[in-house]
Amino acid sequence: MPQPLDTVKGFGVTFKQIFKKPITQEYPEVKRPVYPRFRGRHRLWRFENGLEKCVGCSLCAAACPADCIRVVAAENTPDNRISAGERYARIYEINMSRCIFCGYCELACPFDAITLGNEYEISEYARDDQIYTKDMLLAPPIKRTPVADAELYDTPIPYYKEHA
Amino acid sequence: MAILERPAIYEGTRIPSPIPTVLQVPDELREGGDILQVNFGPNHPSTHGVLRLIVDLNGEEVVGLEAVIGYLHTGFEKNMEQKTWWKAITYPERIDYVAFQNNEYVFVAAIEKLLGLDIPPKAVWMRTLLNELNRLHSHLVWLGTSGLELGAISMFWYAFREREQILDLFELVTGYRMHTRYFQAGGLAEDVPRGFYPECRKFVEWMPKAIDDYEALLSRNEIWLERTKGIGLLSAEDAIALGQSGPVLRASGVDWDLRKAEPYLAYDQVDFDVPVYPNGDVYDRYKVHIDEMRQSVRIVAQCLDVLEGLEGEPWIVDDRKIVLPPREELHTSMESLIHHFKIVTEGYRVPEGEVYVAIEAPRGEMGCYVVSDGGPRPWRVKFRGTSFVALEATATCMSNALVADLIAIVGSLDTVMGEVDR
Amino acid sequence: MTEPWWISLIKAFLIINLVMLAFAYTTLLERKLLGRMQLRYGPNRAGPYGSLQPIADLIKLIRKESFFPSSAIDLPYIVAPVISMFTALAAFSVIPFGAGWHLWHWHVDGEIANVSIALIVVFALGSLGIYGFIIGGWASESKYSLLGSMRTCAQLVSYEVSLALSVLGVVLMAGSLSLVDIVHKQGTTIPYAAPQVIGLLCFFVAGIAETNRAPFDLPEADTELVAGYHTEYSGMRWGLFQTAEYINMITLSALMVTLFFAGWHGPYAPLGPLWFFLKLLAVVSIFIWLKATLPRLRYDQLMRFGWKVLLPVATLNAVVTAALVVAF
Amino acid sequence: MSWEHVPGYVSEKEAHGEQTVVVEPGQLVEAALHLRDEEGFSFLSDISATDYLGWGQKGVAGYIGTATGRDLNRPAAQGFQILPELKPKRFSMSYHLLALRPGAPRLRLQVWVEDGEPVPSVVEVWPTADWHEREAYDLMGIRIEGHPNLARILMDDDWEGHPLRKDYPIGGEPVRFSSEE
């Protein structure tokens, strides 16, 4: 039995949306704050005295399910001291186009040297530009992303986030 | 299990023979020479990715049909054999990328079954909650795309409005919107943040209103009824014989839900109903999806009640053989550091054996068959792709269908091609 | 009191451009309105509030490659969009949009051509335009296009009948086939929407089908036939089809305003064209609203509805009106 | 519960709360019919083929020491190694059955075959087996006998080899890194 009145109800649903604020965000101008746990672009960290935290143990490379991290370690020498440990990462590269952002590398790192930041704007025009070298990873990211209240939306369980 | 009494419209549905998955053109039609063979897909707006349907048309009527799959075959199962158990957890999420949390759970549950682990209550309830949120997410994607395919374009946007909220919740808890790797063998990867509960409460209060909107838009809409009632019939017997599960089976009148039949996680402690509809047509599948969404919201609310009382409880088992040690110990305990290195480099070992774990994923029975040789890597992982099985029913559902019904039927079977091709 | 030919020429030139402009901004209106109904903004990058979007689209379409399938049949393939476009534009010539004015010592009519059989002209041109769609789909040599063109053929032919029958009531009441007379008549009595409400509904439904708008957009059902008859078209050839479709919709809305809503008549007479425009806008918005809300019908349901529901109702409406007109 | 009355019965096993019945490949269809009609296993969940080539031969590294002490009785927890139990033949085909009744009893029906040995098709018993068997043929190279349409399903029609076999080369694309050695 046709019930035209019920069909008309749907028109009300579409019509009333006109007076609501659209839910889409005008992206390049408005950046929605990500939650603090969001896993974005990687960062390598230094100690306050400038020494790198990474000691080149390759645990991150071992933990990576996508095999996108390459670490080549070298020995620190007294006149060329780079990291706090015995060795340092002479080459540290991440192929971002392969990375699946699972965050296993930051879980694996025993020295809190690598963490996943909140930046997600990491597209490039060329694949080779997606290969992040150590210098790029050590430098603070150029594009900043706002982050929601960390106190409320995160737990200080990942030690490094408290001390980063 | 009870099969609802079936209405008379079932006359005529039968599984094609000899090939159950191919609808063959009758010889007399073939000889007539009026058959137009059209290739729907692999690139077509409404084939859910890369499904290819070879369709024989007699005018507008579908007289022959063969589904060709494999265009998204990525070899997940082979890949997982090369990874340690720990690393392999990231793979199942990407198989059915709409029900990632359920897929992850089924694999983690298989590992835990082999290991004989008991997980802490907080992890149990949180897993239940996230699984139900994911079911909502999956049904919303289904609802949106099905509406779009039948021409109700606004439905897509309304469904995706709520989907966004769910993804935000996932981002809040797990750190990633889709492939979360949040379930680890033994519990959860991280504790639940304080701010999650109020955010999730807000969503639980909002969602029923949104579902009312969907129903106002579609459920009683004359054109929607015309398009979905009596289309894509599948009788209860045929559905069971074809291995259908989930909403498709329940829409055919079979009261079967693994959450009730063999309860896992906390499903035996929450209160919910299983919607069953008797007709086995596209409309009933739509109704099952809508009703399940309401039930999922109920379950999420109950999980929240329990979880709020579990503040401060452990979220992962304290077993140093399987779980990474707490991070603060890495700086103080040499033993912990060694464990950490061993688990990351070599991975934990899982006792020899074979298990088959099945859960009620949004699309039905999601099974995971795992064989372990006692080593750090799975010997064999096989997933029972729900969509893979669902697609087998296309030929049976397609009797007396027109081109437009073809779209509605394939849509109603709710297939995700990543899961079909794996 | 006829106007000289050169005034008609100037007017024709103006109206063609106005209609094209109206088409361009109808697409913008559709995208904006659909956007708001779907909780998004719609285009808002080109110009303030996206107001230059149609221009940007035009430039894009012109610069795009007009793909030519090697198996397509050359001449019909190229001519088809032109036919559709021409008839769509020509049909607008008999729509009155004002009462007519005196400028210096010349009289300017409120329409380009005051034909005494204007209604028939519109329908004839509309039927001719269908050939564009049919030929275009057939000449593309693609299965989807062929199916789309088959659907166009059947759908438009079926609904053409109901469309013509649904306006019979109005014609009988006005006693004329000239659109100008019909509007004048409504100015003296009431808009025919009131007495002819069934005719209006029939006209509206048949009109949606006639212009391939949702929920009757089967010929180009993008989720079934990809894009129906214009699957193989791209660039400005596709643009011509699109233009033709939108102008058909505008023409139909204009016809509806003329026949049922008293055309340019409104509270303040000199503002005639403005009233006409506002009414047109309202009708076009309803078309868009339908698209946002309703799912698509199926082919056989469409045909069944056309022949078994719409045609009898429209016929009955015409017969009853005729009886009443004769009686009183 | 004993399954000795299943036609072609070879052995049975219960582990992790799951029951497995191994039958002769030649009598698979009879066993399937028996289980479907007599025991109510009307629902075939899944068919999984497994390749056991090289099973139990791989050298395994031990895992040493724990903070909480070691439990030598748990293989996962270290210390001691056992080699896995050897399998009778190279391939296993596991049919995961489910009875749609309260308690949801499940049963794994298993057959063992060597490379090239045929397995009869159960499409006639459970129509859903169609694609599952095609998949087993495609990815594992199990010869299914009596299947109405045994073609490749996931791989290309002209694909060589069966990729999920253990002796199938893995290959893969090298990950791109900068040219710095």
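Should a chain be cited, it is by its letter among A, B, C and D, assigned in written order, with residues numbered from 1 in that chain.
Simple rule for what comes next: a residue touches a chain if its C-beta (ideal position, glycine included) is under 8 Å from a C-beta of that chain, and two chains touch if they have at least 3 such contacts.
As the structure is a computational prediction, the values presented were derived from the model and not from experiment.
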Chain pair bearing the highest count of C-beta contacts:
B-D
Averaging each chain's C-alpha atoms to get its centre, pick out the one most distant from chain A.
C
Based only on mean CA positions, could you tell me how far chain B sits from chain D in angstrom?
23
Rounded Å distance, chain A centre to chain D centre (Cα mean)
39
Cα centroid separation between chain A and chain C, in whole Å?
53
Taking the mean of the C-alpha atoms as each chain's centre, how many Å separate chain B from chain C?
45
Can you list the chain A residues in contact with two or more other chains?
7, 10, 13-14, 17, 23
Multi-partner residues in chain D (2 or more other chains touched) are none
Touching at least 2 other chains, the residues of chain C are 37-40, 292-294
If each protein chain is taken as a node and each touching pair as an edge, is the resulting graph a line, ring, star, complete or other?
other
Chain pairs that touch, by label, are A-B, A-C, A-D, B-C, B-D
Per the touch rule above, chain B residues touching chain D in the complex are 1, 15, 18-22, 69-70, 73, 75, 77-78, 82, 113-115, 240-243, 254, 256, 258, 261-262, 320-322, 325, 333, 335-336, 338-339, 342, 346, 348-356, 358, 365, 367, 369, 371, 373-375, 379-380, 382, 384, 388-389, 391-392, 421-422
Touching chain A in the complex, chain B uses residues 83, 86-88, 90-91, 154, 158, 161, 164, 168, 171-176, 179, 181, 189-196, 213, 216-218, 220-223, 324, 326-328, 330, 337, 340-341, 344-345
The answer for chain D against chain A in the complex is residues 175-178, 180
Okay, in this complex, where on chain A does chain D touch?
67-68, 70, 91, 93, 95, 97-98, 127-128, 131, 133
In their shared complex, at which residues does chain C touch chain A?
33, 35-41, 44, 289, 292-294
